[in-house]
Amino acid sequence: MTAHVRAGLRQEVLDANLAIPQVGLATLTWGNVSGVDREAGVFVIKPSGVPYEDLTLDHLVTVRLSDGAVVDGDLRPSTDTETHRCLYLAFGSIGGVTHTHSTHAVAFAQARRAIPVLGTTHADTFNGPVPCTPDLTAEQCAKDYEYNTGRVIVDMLNGDDQRAAEVPAALVANHGPFTWGSTARTSLEHAIICEAVADIALHTMTLSPIAPPPDHLLDRHYTRKHGPDAYYGNPDMTAAPG
Amino acid sequence: MTAHVRAGLRQEVLDANLAIPQVGLATLTWGNVSGVDREAGVFVIKPSGVPYEDLTLDHLVTVRLSDGAVVDGDLRPSTDTETHRCLYLAFGSIGGVTHTHSTHAVAFAQARRAIPVLGTTHADTFNGPVPCTPDLTAEQCAKDYEYNTGRVIVDMLNGDDQRAAEVPAALVANHGPFTWGSTARTSLEHAIICEAVADIALHTMTLSPIAPPPDHLLDRHYTRKHGPDAYYGNPDMTAAPG
Amino acid sequence: MTAHVRAGLRQEVLDANLAIPQVGLATLTWGNVSGVDREAGVFVIKPSGVPYEDLTLDHLVTVRLSDGAVVDGDLRPSTDTETHRCLYLAFGSIGGVTHTHSTHAVAFAQARRAIPVLGTTHADTFNGPVPCTPDLTAEQCAKDYEYNTGRVIVDMLNGDDQRAAEVPAALVANHGPFTWGSTARTSLEHAIICEAVADIALHTMTLSPIAPPPDHLLDRHYTRKHGPDAYYGNPDMTAAPG
Amino acid sequence: MTAHVRAGLRQEVLDANLAIPQVGLATLTWGNVSGVDREAGVFVIKPSGVPYEDLTLDHLVTVRLSDGAVVDGDLRPSTDTETHRCLYLAFGSIGGVTHTHSTHAVAFAQARRAIPVLGTTHADTFNGPVPCTPDLTAEQCAKDYEYNTGRVIVDMLNGDDQRAAEVPAALVANHGPFTWGSTARTSLEHAIICEAVADIALHTMTLSPIAPPPDHLLDRHYTRKHGPDAYYGNPDMTAAPG
């Protein structure tokens, strides 16, 4: 069984998965990235439990968006596949999804707290706190658990594509971060940034009670990188500006 | 004097020992892995005090399970050998043992506290807290100290093989983590995970008082990776799923 | 359009930028170094958003000190260029400027606290606390934001070149560290040191309330490395002693 | 001017200095190791301010024990040379000295606190807390400052060679760790261990008030590695067991 996906997608997804251990975001096999082809109605994702050092193009699994069926690949897809699928279905603008168990972002998820906006490092990418979902109910755990893991994120954002674009990251309570972006690579960069701002926030909160920075500063930083007046970066030379 | 062990065991034990510094779990020579051959009634372990960068197959020491006698090898085995032997004798299902002084797991051991279950990262591998033993008594230190170091772990678990399988890790008070698994490699992976969850737990406890996650979430994560209904991983492609 | 700058300046600036990820100070593209040629009235700086691994001499941008116009280079300069320019104009003795988002220095900036002098590691380089600016006002954010980011540093130091030389680093509130020095390389070293002393200070403050060390110790350390009686280092063999 | 030192000493000192950045103990040029030749009455030390990556055998400086005169080498010795000399003169059994500014050990020094004995990781090497000196007085800073930096260590230990052997490390208040050992390499290993136990101690103290482990456990660990009944390690295969 074969499935046609747009040129380059499989390589993008492989590269983004291989980057996870290089950027220090994963212990063992804990982390996965996918990328979607909206026209073909499928996404490509890491197989379950395969060590990054063994991972090749041939191992990637192609999954149908509409029902989660595997349409290409010999291996079982990541156990988190249904979470990725839920996010793709809810947020039509996103092209890639990343899930990791990075240390500081997971600490916020385990404390069931949002990552607060404490400075421009955060505001450069996330236009608000990185929110944390409520607990999944016993029913949500019992049936379609992985799909429901995406569901609690979507519900928290009221399924609002614009909100998902402005803060392309969420923490699932007691679990960890899911991030997304226009491409697989961008979703990975948002995972890197989510971990970095969680790390800095933890140290900041050690030094001082949370005192939010002025909105005019945060708005300035977000809008100089995003939207019609952005002036950060150089087209074609910039690493996925988000 | 030679001893026959099953094919591959010595290489597995060497590889797992060489991986200790690569995964950042050891300072200097602080850490050792062994693997057992139940049929031959022996286990293979790292020699004492040999730097990882010098370690070769020829340095490994083979020790008899029944009495701890060295049956193969020119060097003295790890000082922790008797602790490994005690664990192998008590828990018939385990195939490998790892001991490290990894930073965050040792911090919990020094605080004489169990590593609590604070999220799915923990529940994916450990079906309950990683427990911490009581102090060894003066008598337990005076005679057969290393064997007694295993003894306090075995006693804490009431010698229950099933409990040892469900939480394949323990902290010895004021000392550090011992982990085990079906193979030498798996015991090392449990050491990696024990350190990772201790690190995340410490950060979580900085952010918030301990509030245990719902059991239905934890059970779901443990059972999707372990037991008859597990659906994580791909046979033959998966790094030791535990 | 070409611009002549003194021999070696472009290579110095490239090398200092490439060193940022090597010394662990930057996530993604977050960090930039510039170096000035006072005679030519220009400085050379990293382009905006270009990943370090792709950066070459050809990408560097030359900017006129007097008005910020780009006089050489095909790419847009760093968004922080106007901050660098403001610092060069205010402090005539400095030859290089570095900006990073390094974790611990940013934590102090987000807590709006100076990095206190807690020992000789700090006093070896900084003759006093690394100060933190007040918040930028809404007006300072609305217009000429990046230039005003330098302005709040300059105002905090009363434009005093001598103070800038004695403590060649400052934190911008809710943003992060800017450091400077006689060369691009030296400004980078001050960024490394600023992060290191912030890291150590955070741990120190966990252990104990701030109790300033005796001035005679701090003075001794600063003066053995700086000024007419300095006796640290070997001319021509020393890495930018500051 | 040449000076004969025993074969191998210069290489040992070079290797130990080059290992400082490899083991993560130094920022920039902050750290130095020396080794002594008691028969020749000299010690060999790193020159001041030379980056590790440029350091060669030719740069090492030989200093006379009796008066601190440079007897071989073209460069100025480390500014900390007089501290090393003071320690060699006071403690006749030591063969090497290391000084670093490693993060967690410096944090204890800046908090003016000893590193407490919280477990076997510490007791394996140090037979008691790593003590912290009182402040140097204004007089001690004004004249012979570096020699007096050693003096406060020697005074704290009452010049007792046996105490220096049992706990081969000390913190100078507001400054950082000095460690020693039978060789240059061993003094470096004690610096590595001093940093590791400081790191673990800080995390332990976050989890729990200090509750000292039982003496019988600590004694057991120290004596299994040190003294007539030691059984750790394999002669000729062991990395400097201390």
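Worth a mention:
To keep things simple, chains are lettered A, B, C and D as they appear, and every chain counts its residues starting from 1.
By our rule, a residue touches a chain if its C-beta (ideal position, glycine included) is under 8 Å from a C-beta of that chain, and two chains touch if they have at least 3 such contacts.
Per UniProt, the chains are A, B, C, D = L-ribulose-5-phosphate 4-epimerase.
This one's a predicted model, so the numbers in the text were calculated from it and none came from an experiment.
Note on connectivity: the fewest chain-to-chain touch steps from chain A to chain D number 2.
With contact taken as defined at the outset, there is no chain that touches chain A as well as chain C. Taking each chain's centre as the mean of its C-alpha atoms, the one that lies farthest from the centre of chain A is D. Residues touching across the chain B-chain D interface largely differ between the two copies, under half of the numbers being common to both. On superposing C-alpha atoms, the copy chain C sits rotated by 90° relative to chain D, to the nearest 5.
For the pair chain A and chain B, the distance between mean C-alpha positions equals 33 Å. Inter-chain centre distance (chain B to chain C, centres taken as mean C-alpha positions): 46 Å. Residue numbers of chain C whose C-beta contacts span two or more other chains: 206. Taken chain by chain, the contacts form a single closed ring in which each chain touches exactly two others.
Per the contact rule defined earlier, chains pair up in contact as A-B, A-C, B-D, C-D.
Within the complex formed with chain C, the residues of chain A that make contact are 118-121, 189, 192-193, 196, 199-201, 203-204, 206-208, 211, 213-214, 216-217, 219-220, 224, 231-234, 237-239, 241. Residues 27-30, 47-51, 54, 59, 75-76, 79, 101, 103-104, 106-113, 135-138, 141-142, 145, 173-176, 202, 205-206 of chain A touch chain B in their complex.
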